[in-house]
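Written below as structure tokens is the structure these notes are about.
First chain written, first letter: the chains are A, B, C and D, and each begins at residue 1.
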Amino acid sequence: MTEIKWPFLTPGIPDALFRREEGVPLTKEEIRVLTMAKVRLKPGQTVYDIGSGTGSLTVEAARLVNPGRVYAIEKEPVAAALTWANANRFGLSNVEFVAGAAPEVLAGLPEPDRVLVGGSSGKLAAILEECLHRLRPEGRIVINAVTWETLRDGMDYARERGLDPEVINVNVARLAAAGKSQLWKSMNSIYIITLQV
Amino acid sequence: MTEIKWPFLTPGIPDALFRREEGVPLTKEEIRVLTMAKVRLKPGQTVYDIGSGTGSLTVEAARLVNPGRVYAIEKEPVAAALTWANANRFGLSNVEFVAGAAPEVLAGLPEPDRVLVGGSSGKLAAILEECLHRLRPEGRIVINAVTWETLRDGMDYARERGLDPEVINVNVARLAAAGKSQLWKSMNSIYIITLQV
Amino acid sequence: MTEIKWPFLTPGIPDALFRREEGVPLTKEEIRVLTMAKVRLKPGQTVYDIGSGTGSLTVEAARLVNPGRVYAIEKEPVAAALTWANANRFGLSNVEFVAGAAPEVLAGLPEPDRVLVGGSSGKLAAILEECLHRLRPEGRIVINAVTWETLRDGMDYARERGLDPEVINVNVARLAAAGKSQLWKSMNSIYIITLQV
Amino acid sequence: MTEIKWPFLTPGIPDALFRREEGVPLTKEEIRVLTMAKVRLKPGQTVYDIGSGTGSLTVEAARLVNPGRVYAIEKEPVAAALTWANANRFGLSNVEFVAGAAPEVLAGLPEPDRVLVGGSSGKLAAILEECLHRLRPEGRIVINAVTWETLRDGMDYARERGLDPEVINVNVARLAAAGKSQLWKSMNSIYIITLQV
């Protein structure tokens, strides 16, 4: 597999450039771009990507924080291997792979400036609690919620902690060829919750 | 197959109550409901359903205009049979089945009060032209556009004829069980164009 | 003021036909149409419209359930008067006006077949609890949630009661003239929760 | 007015940090972020921002292409002054201000790597034609269409030139405080058309 040089400073690597595996979720280009914007990255930052899945957020973040490091945390072996493969595909040497489930595996890691939460396996509140404790000053946490449960738990947690989250709901439809016509294909609706300490 | 008695005056028969065939499009419940509202139905009207597909618009309209009649126009044999099966399933005796393509097959039909356009096979302008000629006073035409081409051709036609269409774009996401979670599933984005003479 | 005869069986009275008052919310045409579909109306039903506001849901429902009755419940005097004015404007004689706040004022009313919940003033759970107790067999409750709090409280209540709500999120953009151009104007995003007993 | 240091590499400066003028359009944060991603920026590029309005795209692009230059083209004096004020506010010295209307004023400018088209005053086809001629190899043009006319004209132009545009429709709702509640406020629906040569 040839290494891909993505030469741009802006996030937004096309979905098709990532290696995929059946059943492993990919954060689609437009949502990935908005997520990078909301979490606000710069060189030198330490980032956690919790539930890295295909690794597309890890790849985009690692490019932007270099020489800072991204900790890709993933408990599913197939997804963990896929994150690794995609980090390799984009020639990134500043990604650390952490096999296991948050919040437990966060214990030994350096304190983060930024946290991305994709998958939380029903433990969102515990993950947020641990991340808030570990977060450096002016830290930010961005949650991508595709399920009702993640949205509700994230909002409930923010309210209990007296945080004032920024929340957006994003609906993107993409025009796609379908025979001689072009059809508006809608991506699934997603909620992006941003917590600033 | 048992006949289904749908006892309500409001449109909105659940999608699952229609018989389906692979590859034949179904106008989803929410879009169907909005389409019925935009076309404005009452008993006694004559309605064309051009490109009836699964027949869900035909079924909803036939219930509401009875004893008026709905002409279900469909050129694909599998879809035509499916429209017929669904009209039967809902016990409707005021549907006429017209096998063939619009605008040609419209020639011998009674003049309509209302026209629904789902499929147009690239002949939207010709279909609209013929329907506008045949339409009774205060008639209405509602176009469901899922493709760019239908949206553009419908808008271009309206502009050339000096009509002032009402146009809405509708995005509906439905919460659906996915394992222990509930996921926001987006239906494809659709445009509803309404022409009033 | 002339009485308006809306001759159609389908819901979807244009927003502009309702009398409006500054600060009193109106359920927009498309959302109103979907709400009527989700609550499923037929002649003879008894309907509560809780937080009737401008009265547009009351008007649409009263037309469809006649000779059944709609109980328009509204605690704000200006809104209550507006609901009354709009019911009058559409010549409806089957609307009962109930001044006061739910759930308290529901006590003396006949048991409903259908309940619409627009405004709940932070008492959604208590309103739903009372309505569920009063609801006739095969009853339905439809909640229009424009705020996070209504969405969350409605979902929390459904979960606690072991109900399995149908939930949709609707985004409608309407093309509107803006000088020589036509601009896509988005209505605010709304959630429609349907509870069936 | 104090200069603002926006220290992040990611686009997404909050709307509130820009100076605003009544009647001058602002590309909202989320749309701005997606626009930057679609146009794909890196240091050294030359960018045209046609119809710069408030200047928010100019500011984001200038930060990312530095020492490359952004040509902010704006025919309305108030908007031109506002673009200038915002470029100053963010301490940018690599913005050139071009007063006048495209395509005419493009004549003397250096060839661009990237073109952003916000306003086109009904001359979109002529603007695109001129930009395509001037564009350097592997150039990209991104059109933000908030009106039907811009969407249609952009799509028609792409078809006539045999280009295969990428098109997305974006709907973003933001949760906003409204009294004790939080309301989902929808931004206007927007279309982003990307042309690659």
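Convention: a residue touches a chain if its C-beta (ideal position, glycine included) is under 8 Å from a C-beta of that chain, and two chains touch if they have at least 3 such contacts.
Not measured: the values here are computed from a predicted model.
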Pair joined by more contacting C-beta pairs (B-C or A-C): B-C
Fraction-based call for subunit D against subunit A, same above half, different below: same
Rounded Å distance, subunit A centre to subunit C centre (Cα mean): 39
Whole-Å gap separating subunit B and subunit C, where each centre is the average of the chain's CA atoms: 26
Touching two or more other chains - residue numbers and ranges from subunit D: 148, 167, 169, 171, 173, 175, 182, 184, 189
Subunit D-facing residues of subunit A, complex: 7-12, 29-30, 33-34, 36-43, 64, 166-175, 182, 184
Touch list for subunit C against partner subunit A, complex: 148, 152, 155-156, 167, 169, 171, 189
Subunit A-touching residues of subunit B, taken from the complex the two chains share: 122, 146-150, 171, 173, 175, 178, 180-190
